[in-house]
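Some structures to go through are shown next.
Two complexes follow with chain A in common, the first pairing it with chain B and the second with chain C.
Our next item is the complex of A and B:
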């Protein structure tokens, strides 16, 4: 056998432990986890190999490992683990380290990785939107203005054309660009990771794999069912399908609403018939969709939060990135609903304040997306596409 | 003040302690819960270090007991209360009725005429037994025991007319004065119904290592033929699942010490009985203490046993009552799904005192092993202290006997 020299990197192992993998040193390599995982392929299954890489601090191997994204965190491995090494949490910690370091500026990744960075993350959008509020208040002549007929219209302060739309477009497309950068970096590291990969035999085009992947992961959530199909663990079922699906339906609905409103606004300038004016009446179909999305999102949030709270700490721990993402989405959803309620209740000060906070949290959600757990929507897709194209998973 | 010694448990450690103390001139009482002495060793087919049948070693011990008037033993007996202090204990022992004459009567013919059948616990459920039985041909005391619960109405009438059977015998309580106590309560096989991913005891032809001992034993359920319990066909491919419940914080959070060697020993049973059969042992780490390494080397060299590093984490029944086993070969990084005729779970040793209400004032650790208690003149031996093989059990029995003797000496 060829001689291999390993250089243990205890610093990286420590980083993983801080990112939610604090149990990783308990592993004694019994390989129960690889069998417990119904998704792990027969050839080079995970997460046993990741556990040994993690305890030896093999950063290069882990960061170039698509398998950390194949894991959907069902926790079968943790329930059967004889040592309480929580492989599922270690896999999540590996992903957290990817979020932290994948794209520049990595300073943001650092802020995102612990509660210490939270004030900074909050202050940036808080100051940004406060400055805009101040400028607009000076122009409009009031901090909490009403229209001539006495209604509350947020657009008076946070005027779409010059404030919300350009800022969010820059933020959104900036995040998309960074996600793209991150994905191509991941793709290259997968490709050059452990020797060269060659596919023999007929292959299908990448878009076929992408469509199949989107159907199985997002459309049907089939993988979440596969997740629970492993060996009997003797523990209660732990299916996150419903909660996760609610979140996605909620988000997609709200994205459609945002796109229609923005489209209606800008296209309406050219073709007045298509113009949509905000606030929309409550019975307007787009508004109905918006409120439907908000309710579904809230249901998903409640389900997922209760699930995390009820997790057996013997097998699972929720890490900071988990709570950050849930927290921000909670704040986005709550401030979104409350600003509408305060507006309808004609509480002008509360309405504007809450709407301001809503903008802050929405900005946090999108601007920090490439460094947050939500980044998995791009990175996981990228990794899954890679493994499908190379016949794994 | 008493110079007598009480030994709780009539297994190998307890017998050794009792005999050693008695041969040094002390009165010894053995209290054994089951109807016969010999403990777990009596259930084995062969035992380490020399792979003798249990009758061999136990025969000598039983002989020493028979010849030594200082040893008194009680079977079907349990300590129910204890008072006093070191050097001066009063022990209350409750004796369950045996329902048979107090001398050795061969009731074999009478027993075979009875209709009732009960699950044979001595064979771990692999066979049934008559209501009137002996656990093994060499069972000691050589007296039948009657289990009235499994008698049919016709059996009862028959039994009532037998002058060597007393159906009206009742439980009674006796008191013993002792100066010191040896606790050799031994172990029980870990309950497989807790091992949900290993079939929880519901998979046909997936048995435990103690059941395998009974299968291989000449006075076991198959008279020593190693066959699949479901159809009595000799297996061709046999799988051994190590650490079934051991080294697992969800079950037994320690290594049971001897299961690796037990499985290797059982591979030899298979190899000797079935030359065409092949055994796979799935393990996390192999433990071959001291000179047992030679046994491991012998198994490796035999070509009949494969050792695969990786714990079996899934056991399922498939068609033909075969057993599907999944494990990752951690050396090659490959997830294996293999089908076997017979799967043996190497279940670990759980101390008998675990989850039991013990009337003795014993400090137990969280697993149920005895930790200390020696200042009270109570000394633990054998697998009540830690998982051990027979040799080391006997050594701890001698050690406990010596301590007990020192406690009561000169009183």
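Our next item is the complex of A and C:
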């Protein structure tokens, strides 16, 4: 009988505790959580099994477990736990550990996992953009230049063609590449994890499942409804779905704006009719969309931040990754809005300085995406897709 | 012997259309001068004072209260004279149904059968008073206010300190040369008080010092009990001490002799005694304290299935062998021991694998505590794997469990441990059906298996009683050797009055249990001395002033009473004449149930009295028209309350039965059955408690004894030409009120089909 030899690892359990799963030792395996969870399926439900794996430090098991991505953290499990454990937080901690270790260089993951890495994370883009600012300032001849007609145009310093566009394209596509690497690594570990379902007969292609997934789950946010529609535990309604939806709409709007502006700029070089010049007038539809996106993003941020602040710490904890992500998005949104306001208010020093910071934070948001909680947009989708295609085992 | 009786009717508690005035007139007419006062009160409870006045004014020496069950309003009717109660409410009016099974019609006068029933009961009550008397005192002149504590472990030390604090002298006897017992070998203890969360110091050194310095406590080290003779309040204790024998007077005893670890041979299948990397929990604690534990991966295996399966297999083999030996022995019968030779007492070793199972809770708590301690000591560098089948953490220690498991290095799963083996330089523990959702092997440096707590009572006769029934506690095999109580709700009782068990000799328990046990057992030991001084029973008939009185003139020295007493209360002399020890006695009456010569009696409960009550019932000759008469002797501890409750719950039964409470079915003397048969009763029901494995008898084996005596009764009946089926024993638990109707009516129906008792016509 070829049995596995289990390697209990209290070191990994400690890592999970540090990543937000501090209650994992409290579990005594009654499985109330698995029953309380409105999302857990009837066969092989979670998060009971994840709790015992966590306690025994079973890293491989947890990293290859798509179920940790299925949890949407409603907290019913924690509320009903007779031992005061917080299984949803342990699942979140598992995800944090995945963010930390999934892609190279894992040094970034390490920086991302605690406030100690924050100065490093900030300094990299800060120096990068400062160098560019200095070079351009030398070329333009001023650190805070104005156009001939006296307007403030950020492009004078942070010139699109040679600075912003290439750097952000490299950053963006680099992040996309890393996310792809991460997803395929996850995918393989899901596949190699034991007990997976064997699918017999023809299956639909992956892109069909992905489209259905985006349409049915991501677009509608229906999992959030399932979460709050779980057992009545007396939790206050927390507008999680609304806040999250605002964030997505805000980001998607701003991405469209960015794509149009970048497209207009580069395509405009060939087809001048389509050319878009920045700054755009405030009434220009693309500008309207941009400002709409910014406002919706801010609303989402306010809702989600208040929600986190109001959470009962007995049942939910917000870990560092949660706050990091919220914080960076806050900074991106605030510096974005402020730089426009300062520009319109003609406060030239403030405008450039804030715009510089805006670039730093946007870079932080995108460059570190594969190691951050925001990576869930790819990893969770990947896990959901896997489950749709192969089941959970 | 009441000769001037006051009969009082409590009209409010009778009802049923009975003409109470007529009943009162009937009593007066029948008993005339014996019954000096007959009164009917609308509500007797309000008139208890006038009864007291009657007693004073008229010089009454007996009071008969006719109304509710004697189990009701006990406090109301306590008088300085002999008092009896006639149960006219529950077992007469409320339970009445006519022979067809119909109940009473409200507003109608009582039917004739009900009047007969009530009259019979009242007359039986009068006779009971007439034939009873107030007990004289069996009080000791002076009880010895010194308590013997056997065992100087945690429980014994606590018991000694508590007894001394209550003002009693203490003799503490410790077998070894060191106080503290098993607690010497544990690094820290489980909690002893609120909030019941963390490990606690056992404060053993302080506890020992407190005992050693207490002037009321005398400690005998390296000593054992050589002999305990006498009775509560005046025991003579002989000790074996290093300085030779020593004799002392003691009043009562607490046995806290503790336990020894189960022989490793029972746990070979788990690797104990096979590999040096396997040790039991108590040994682990000892090694840990000595700083000898260096293992970094330790498996605590609570699942003992491996050992149990091996033991079951061995047992089957041994049984097969024994069977073969038996067959061989049959072929060549051994010489029977010579007649009349006194068997020499040989202590049967009751150690078995069962002790391991009983110790599961203690091991659950203990292993959590040990594993946590090891992890703590090494800052979780050590990993402890707790593999359990049943994690049993009793009561409030759940909080301790929480705290203990909240330790990084402590990992737990339910698992079927299928093998423990040595591989290379480490141990491998194979686990199946785990909570991790897979079967796996665990590599570890050390395996800790549970400790089986074998009570010392399973291997030694601790007290060396100089009793007629031998030096050891009886029936220990019923409890697999544990000196546990025969009552669920009175945990410290042993089958020897005045000797109380506490701690792990009674049950495997955690320290908080030992602490509570020590205190409880000391209270019982004090109570035993005090009760002996007052001449009353300790338990379960607490405060009963009666005691068995022997009429030695007629005694034939048959020894039945001395043998059958469940509590060894009776000693005897060389000729076999019983020697009563009232302070040891629990007043169950088993002796008088056993006595063929009927020489034993209690002041208010004797053979003639119950016999007269049986004869007092008017049994009609006309079986066909007036129906049978059936006597019920009901155990007053379980069956009698069950009957009361049945009536209160609206169950009814045949009007042909007459119920007499008895102290215990063990106290039923066969003569009563003969009395009933010659009087013309058509059947006798004996209602007792359950016996066998799930016995409920207050006196351990009363109903069992009765069942055994039934065979003798059946023989007698056969000889008389009466069908033995006319006498039947039933088991009726106190919570089986719903079974009463079927039980009684079913029996009545069987008797009706059988026809009249052949003696009826004579």
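As a working rule, the second predicted complex is superposed on the first by the 377 of 393 C-alpha atoms of A that agree within 3 Å, B and C clash if a C-alpha of one lies under 4 Å from a C-alpha of the other, contacts with A are read in each partner's own complex, and residues count from 1 in each chain.
The rule is simple: a contact is a pair of C-beta atoms (placed from the backbone, for glycine too) under 8 Å apart; a residue touches a chain by one contact, two chains touch by 3 or more.
Bear in mind that the values here come from a model prediction, so they are computed numbers and not experimental data.
**Student:** Counting only touches as set out at the top, which of chain B and chain C does A:80 meet: first, second, both, neither?
**Tutor:** So A:80 only meets chain B here.
**Student:** Please work out whether A:29 is in contact with chain B alone, chain C alone, both, or neither, and reply first, second, both or neither.
**Tutor:** both
**Student:** I'd like to know which partner A:40 touches here: chain B for first, chain C for second, both or neither.
**Tutor:** first
**Student:** With the two complexes superposed on chain A, say which partner A:390 touches: chain B (first), chain C (second), both, or neither.
**Tutor:** After superposing on A, A:390 lies clear of both chain B and chain C.
**Student:** Go through the superposed model and pick first if A:49 touches only chain B, second if only chain C, both, or neither.
**Tutor:** A:49: touches chain B and chain C.
**Student:** Regarding the shared-chain residue A:292, is it in contact with chain B (first), chain C (second), both, or neither?
**Tutor:** neither
**Student:** Check the residue A:5 against both partner chains and state whether it touches chain B (first), chain C (second), both, or neither.
**Tutor:** So A:5 only meets chain C here.
**Student:** Check whether A:323 is in contact with chain B, with chain C, with both or with neither, and answer first, second, both or neither.
**Tutor:** neither
**Student:** Do chain B and chain C touch any of the same residues on chain A, and if so, which?
**Tutor:** In the superposed arrangement, which is not itself an observed complex, chain A uses residues 28-29, 44, 49, 83 for both chain B and chain C.
**Student:** Considering only the defined contacts, which chain A positions touch chain C in the complex?
**Tutor:** It is residues 3-6, 8, 10, 13-14, 17, 25-26, 28-29, 44, 49, 52-53, 55-58, 61, 83, 194-195 of chain A that touch chain C.
**Student:** For a test of understanding, state which residues of chain A touch chain B in their complex under the given definition.
**Tutor:** Touching chain B from chain A are residues 28-36, 40-45, 48-49, 80, 82-84, 230-234.
**Student:** Can you name the residues of chain C that touch chain A in the complex?
**Tutor:** So the residues of chain C in touch with chain A come to 297, 380, 383, 385, 391, 401-402, 405-414, 428, 430, 435-443.
**Student:** Considering the complex alone, what residue numbers of chain B touch chain A?
**Tutor:** On the chain B side, the touching residues are 194, 196-197, 200, 243, 247-251, 284-285, 309-314, 326-330, 333-337.
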